[in-house]
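Below you'll find a set of structures to go through.
One chain, chain A, appears in both complexes that follow, with chain B as partner in the first and chain C in the second.
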Partner chain A sequence: MLLRLMTYEWRNLSADRTPLWIALFLGLTMAYGTWNGSQWVSFQRETIEAARQEERERLEGLRREIPLVEAGERKVSAFTDPRLPSAVGRGPGARYVVMPPYGLGALAVGQSDLYPYYFKVTTGSKQTFLNNDEIENPVHLLTGRFDASFVLLYLFPLVILACSYNLVSAEKEGGTLALALSQPIALPALTMAKLLPRVGLVISMPVLLSLGLMAAGGGDLRAEGAGIRLALWVAITVAYGLFWFALAVAVNAWGRGSATNAMVLAGLWLLFVVLIPSVLNVAVKAAYPVPSRVEMIQAMRVAGDAATRQGAHLLARYLEDHPEMAPAEKGGAPDFGTLQVAVNEATERAVQPVRDRFDAQVAGQQAMVDRFRFLSPAIVAQAAFNDVAGASAGRYSHFLAQADIYHRQWRDYFVPRILRKEKLAAADVDRFPAFAYREEEWGQVAGRLGVALLGLLLPAGLVAGAGWRWLGRYPIAGS
Partner chain B sequence: MKMTLLIARKEFTEMLRDGRFRGAGAIVFTLLAGALLLGWQSHREVSAQHRSAQEATRAQWLQQGKKNPHSAAHYGVYAFKPQVPLSLVDHGTDPYTGVAVWLEAHKQNEFKYRPAQDATAVQRLGELTGATVLQLLVPLLIVLLTFSAFSGERELGTLRQLFSLGVSPAELAAGKALGVAAALGVWLVPAAILGSVAIVAASGGGEVMAAAPRAGWMGLSYLLYFGAFTGVSLAVSAWAPSSRVALMVLLGFWMMNGLVAPRVAADLAKSQSPSPSAFAFAQQMQLALAKGSDGHDPGARAKALETELLKKYNVDRPEALPVNLLGVRLQDSENHGNEVFDESYGALWENFAAQNRIHQRVAWMAPGLAMRSISMGFAGTDFAQHTHFAKAAEEYRRMIQRTMNEELTHRAPKTGAPHLAGPELWNKVAPFAYTAPEAGWVAERQAPALGVVAGWFAGSILLAGWAARRIRVV
Partner chain C sequence: MAYHVQNIMLVASGLSKSYAGKVALHPLNLRIEPGEIFCLLGANGAGKTTTINLFLNFIAPTAGKATIGGLDVTKEPLASKRLLAYIPEQVMLYKNLTGLENLEYFTSLAGGRHTASELAGFLDEAGLARADAGKRVGAYSKGMRQKVGIAIAIAKGARALLLDEPTSGLDPKASNEFMATYDLFRAKETGTRVGIMKQGHLMATYTTSELGHSDLERIYLEHMHE
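And now, the complex of A and B:
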């Protein structure tokens, strides 16, 4: 019986060309979104390649330059001497730390357009190179991208609601509900028979498209953990879709007319996709206010001034702490490079607490969002989609932590050589520390995505359960 | 006319009695009031922070002790972007542009620290501001209030009765529109009063006078925008075969207008007028700085300058010059740098401006784009006004450099012995004062967008009248 009804329903849907329109709409928007995402990925890849090219040429220049200066064929000042570690570590020898876009980056731009994906690490303090923001029209940052994740978060639910808001109410309004129920079938089963073809149709569309577009060159499936992440992307898409279908059934089960259903569902869409996120955003900002960064600029300034004033004194203390770094011969005024080491160190130490306070507030916001995201499936899905695509703030922090370690390695290489007043040889250029980004463990990502999946399936199940019960009390005749 | 008012009164009373409208209106009002209060609070905090930072950076400049003028130039000052009172209604691009810029020697820096970087990804789903409520939610409320204006009457069979009484379609449409307007006014007028109070409370002395014409323009534009939505909704309601279809079409229009069009416009703008990567931008600027616009390297440029000076003063060695060569050379390199910066940043900003002009053109398809641009513009938070501030800050930087280099040129010993300046020189640099542009300046730049909103308003009225005249009675 169920199967037969489903077949009829499918014929009904086919007759008004619904499948065609849905396929066309979701197909075009998904394809466009993925193409858009892959444009952004290639833009990042090209920029990274240009930076690496620049680095290769610069280091090659150093290798050529050093022997010339050693041989006395070229005159240089203390600021530009390619043999001096203080001059080289500050810029000419600097290397890039890079977080390449993830293999599935084309699926969601997420936060990746807001945070820098490469830095030029120097012996200078962190704040001199951390704010390497990509150029983008701020109006576009405000707008957000038309990517596959946008299609799934905003448009996909609307397609679902558009084809199921009158699932039961239309039958009643058309007078066919009582007729259908005079057959040996209960309303829940009838609803199921009408629902399943729609679920199959609407949900399979983005799933097949995601898989197809990623396989057809939109993504790099050889990337570490790409298979499992793509599978989770699919699972989350399905769960998100099921939630909206469940909502449509529950609203239908109330027994109101089609127009009311449409209004209520539009309102719920607005609530979950726009209002709850906006209100949550406001709430987390109120709970963990992040002061304007001008406060940090001032702290940096004050610390820098203090450190510069006490430069010589700081250096003496620094060398007391690190006697192994003291220059071989005593005497003579400390040079600029040596002083700078101590000043940088002191400034960074003084600013760190302020920086930590900012980070703690942002972390507090994130923790609160993580806790309360389950209030809206859209937030859960957004975070999960960003995670799959490697475009989350979490991946950025992961990168930042590695960049931090690398910055220390860089200093550990240069600072002792600066203090010991050593000179670099051409061969030393190849010994400068190098950076390689390590992707997050896929198990960790999968764990987070698993929680998100539960956070979608559970509310979907609850809503569906409620709808199922209400269907049992549905006023089949009358209004 | 009398009939129109009668219909308006009936609509108004009916809406006020409708629990759904009361609920939806109350939600919109609460969100709007909440957004304005939060905007006011954050405006108060942020502007206090910026004011005290601006004072601190000034004090640091004045109390930097005795040093070489060029060291002072390197030390520089910070410029912090002020928050104008109306930004509490519309943050615009403020979260996505940096809050401060370091004004130092040799370099025009970029603004750093975008506030959005200190927020979570949820911010990208939506930010609760007055602008969000006014641009997205109020139009949705209008749609919900009006989608069944004609189709509902027809479905109930009352449309035929109305026309049999001699009511003309135009009167009916006007009455419905007035009724909706009055009902919306119940919520929006108090919100507007609340907003005005917040703006006045947020304004320092003199700022109110500057904010008033901006607020006037902004309010008028929003009224036209709401009017356009009402007209379109009435037209669709008259044209659609059923309320259900009218609602679907209008929700589709609302979604395209608010969600899809801005993104499509952004993509279109980027493909028409692509911006460079930060890396390419910096590299190209570096290259121009190193080479010099005239194709000479700085060494040759400095040599040429020296020869020129020697010839000008008719002496044979730099020490005999009446001016300090280093000072002249530093200013010369600043002049060269300024040319490069004018060209590079000029091109970049023109690129963004061109992109934003494309948005305004696309706005003929979606009035929300024009409204967004107008709203940000009069709130003082659009990119044009960010650039206006950036230019003022850059002028100030150049003034500092000139003052320091003139001191070196005319006062520093020619022998190259150290020259130290003190507070009297630091005091020669006046504190940084910035005045935001007037409302007229904004109106001029927003003219295309204002045209779009006014055009939509007029067009939607004509459309509603036309659709009402052709309405099927049964």
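And now, the complex of A and C:
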């Protein structure tokens, strides 16, 4: 019987072209959002390609220069000698660490436009590469880009509410409810018959659109784990949609008029999508204030200056700590490169407390968001969407950890050579450590997304359960 | 309001309803025998619609109970609704569907399955022109919608019929002497028994066969002016 009632409801919906308008609206916004996202992905790809090209040319230059200098055909200073590891490791030989955009990156830009996705790794202290090239666009920080995840987070709930805010109240106001319920059917069953076609229509639309747009060239479905991630994207979309439908049913079940329902649901939308996220954002920043970047740079300058002044002393101490690094022949003033190694290390050590505080505060913020995100399904869904698209904080720290390891490898290659005052040959250029980004294990991503899925389904179920119970007491007649 | 009972009984025993201390229906004891047509007369707010809503289980009684064919309507809401059909004062249908589609939809709610020709037959019986049955209800008059409502009741094959203000869409309070008389006339013509309600009380019941039309008018006016 349910199926038969649903076909009538569908016919009723189709009569005023509701499905067409919904398809048109979501289709256009999703397509625009995905296009926007893929623009960002191609921009990232082009930037990365340009960086790689620059690196290739630079290293090629080194390979060409080194024999010329060796042959005495070119005069160079100690700062520019392509054979000196201290000179090369600081710049000319530097290589990029790169986090390429994920295959589904077009779905959600997230904060990937705030975090640098490539660094130049040098023998300099770690802070230099972390602070490099940081761009913070306050507008994007506030609103995010207009991408597919924006459509799903903000507009999709509005479409859901628009077609279900008066699910039951309109029947009561139109007078059809009394006639319908004089038949042997209970209100919850009748509500279900009206609800399911809407759920099917409104939820299937963005699901089909995101799958279609990804398949039609918006994404790279051969990317590692793309299938499972796309499936999770669909699951998150469905769960998020169900939450909003459940909310609409629960508000309808209260028995107020359509106008009141619309007001209440608009208020709830504002609460979950705008207010709770902004309040959480402010609360997180108040609870775990991050030391200002200026403070960090200041600390680095002071430490750097101090270290430079006492360079010789530092080097002596450094060599005491690392006797295995001591140059073979003793005596003579230490050269600039050697001093720089010690100075870098001292600077890094001096700045470490500020850096630790920074990291701890950021970790505190993340932990707090992780805990309180369940207050709003919008936050849960947003984090999950970013995760699918590879624009999440999780993937970013995964990248930073790899960059850290690589920075160590880079130093481990250059520092001993600097201290031993070795000279590089052209063939050494190819032996410089290279970086290759490893994608997160899909199990790790799926684990996070599984928690998010629960964080959406659970409130949806609770709200739906409450609505179902309230429907049993719905005032069919009178007030 | 009229109750038409074919072969089951409608019984109200001590049935009452209050809204936040305000009494809409004082304890009502009423027994409508199989085959009777019982008409409740009274102004707006007299408790007629409250009584119907209690029998439909649309509102919960404050005290007492209503039974249809022996079924307590609050305990067996679906089973009791299978026994009756309800035609409200204003039959409201889905404007986007045709009369035929509305009929099919509402009979589906009752779990009924009918062929297209059966459904058309119900509409014929209710007096809706074939040409109108395929038109969207948005273009229907009140009377045409009422005919669809009657067809729904016929399709259901209900054994008891609840009609709320079947004769007019007019507010008796605002209506003049003539309309009130017209109501009484209908009650006399169609009913086998008449009950007069006022401010939530069932004042009196009469068997119409024992009354002349002028008697009913006199009695009704007496009650209204008490």
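One rule holds for everything that comes next: the second predicted complex is superposed on the first by the 467 of 479 C-alpha atoms of A that agree within 3 Å, B and C clash if a C-alpha of one lies under 4 Å from a C-alpha of the other, contacts with A are read in each partner's own complex, and residues count from 1 in each chain.
By our rule, a residue touches a chain if its C-beta (ideal position, glycine included) is under 8 Å from a C-beta of that chain, and two chains touch if they have at least 3 such contacts.
Nothing here was measured: the structure is a model prediction, and the numbers come from that model.
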Fit-or-clash call for chain B and chain C when the two complexes are aligned on chain A: fit
Partner chain in contact with A:Y115 - chain B first, chain C second, else both or neither: first
First, second, both or neither for A:I185, with chain B first and chain C second: second
Chain C, chain A and chain B - angle at the middle CA centre, rounded to the nearest 10 degrees: 90
Touched partner set for A:Q298, first chain B, second chain C, both or neither: first
Chain B versus chain C as contact partner of A:W10, first or second or both or neither: neither
Touched partner set for A:V362, first chain B, second chain C, both or neither: first
Which superposed partner A:V290 touches (first chain B, second chain C, both, neither): first
Chain A: partner with more touched residues, chain B or chain C: B
Partner chain(s) touched by A:Y154 [first = chain B, second = chain C, both, neither]: first
Least C-alpha distance (whole Å) that remains between chain C and chain B when both complexes are overlaid: 17
Overlap of chain C and chain B interfaces on chain A (superposed complexes): none
Residues of chain B that touch chain A when the two form their complex: 20, 24, 31, 34, 38, 45-46, 49-50, 53, 56-57, 60, 64, 78, 80, 92-93, 95-100, 110, 112-128, 132, 136-137, 140, 144, 148, 243-244, 247-248, 251, 255, 259-260, 262-267, 269-270, 275-281, 283, 348, 352, 355-356, 359, 382-383, 386
Partner chain B, residues of chain A touching it in the complex: 36, 43, 46-47, 50-51, 54, 110-111, 114-115, 118, 131-146, 150, 153-155, 158, 162, 166, 258-259, 262-263, 266-267, 270, 273-275, 277-282, 284-286, 289-298, 301-302, 305, 358, 361-362, 365-366, 369, 373, 378-379, 382-383, 386, 392-393
Interfacial residue positions of chain A with respect to chain C in the complex: 1, 4-5, 8, 11-12, 15-16, 174-176, 178-186, 190, 475-478
In the complex, chain C residues that touch chain A: 19, 49-50, 53, 56, 58-59, 77-79, 81-82, 84-86, 88, 90-94, 96-97, 101, 104-106, 108-111, 149, 152, 156, 162
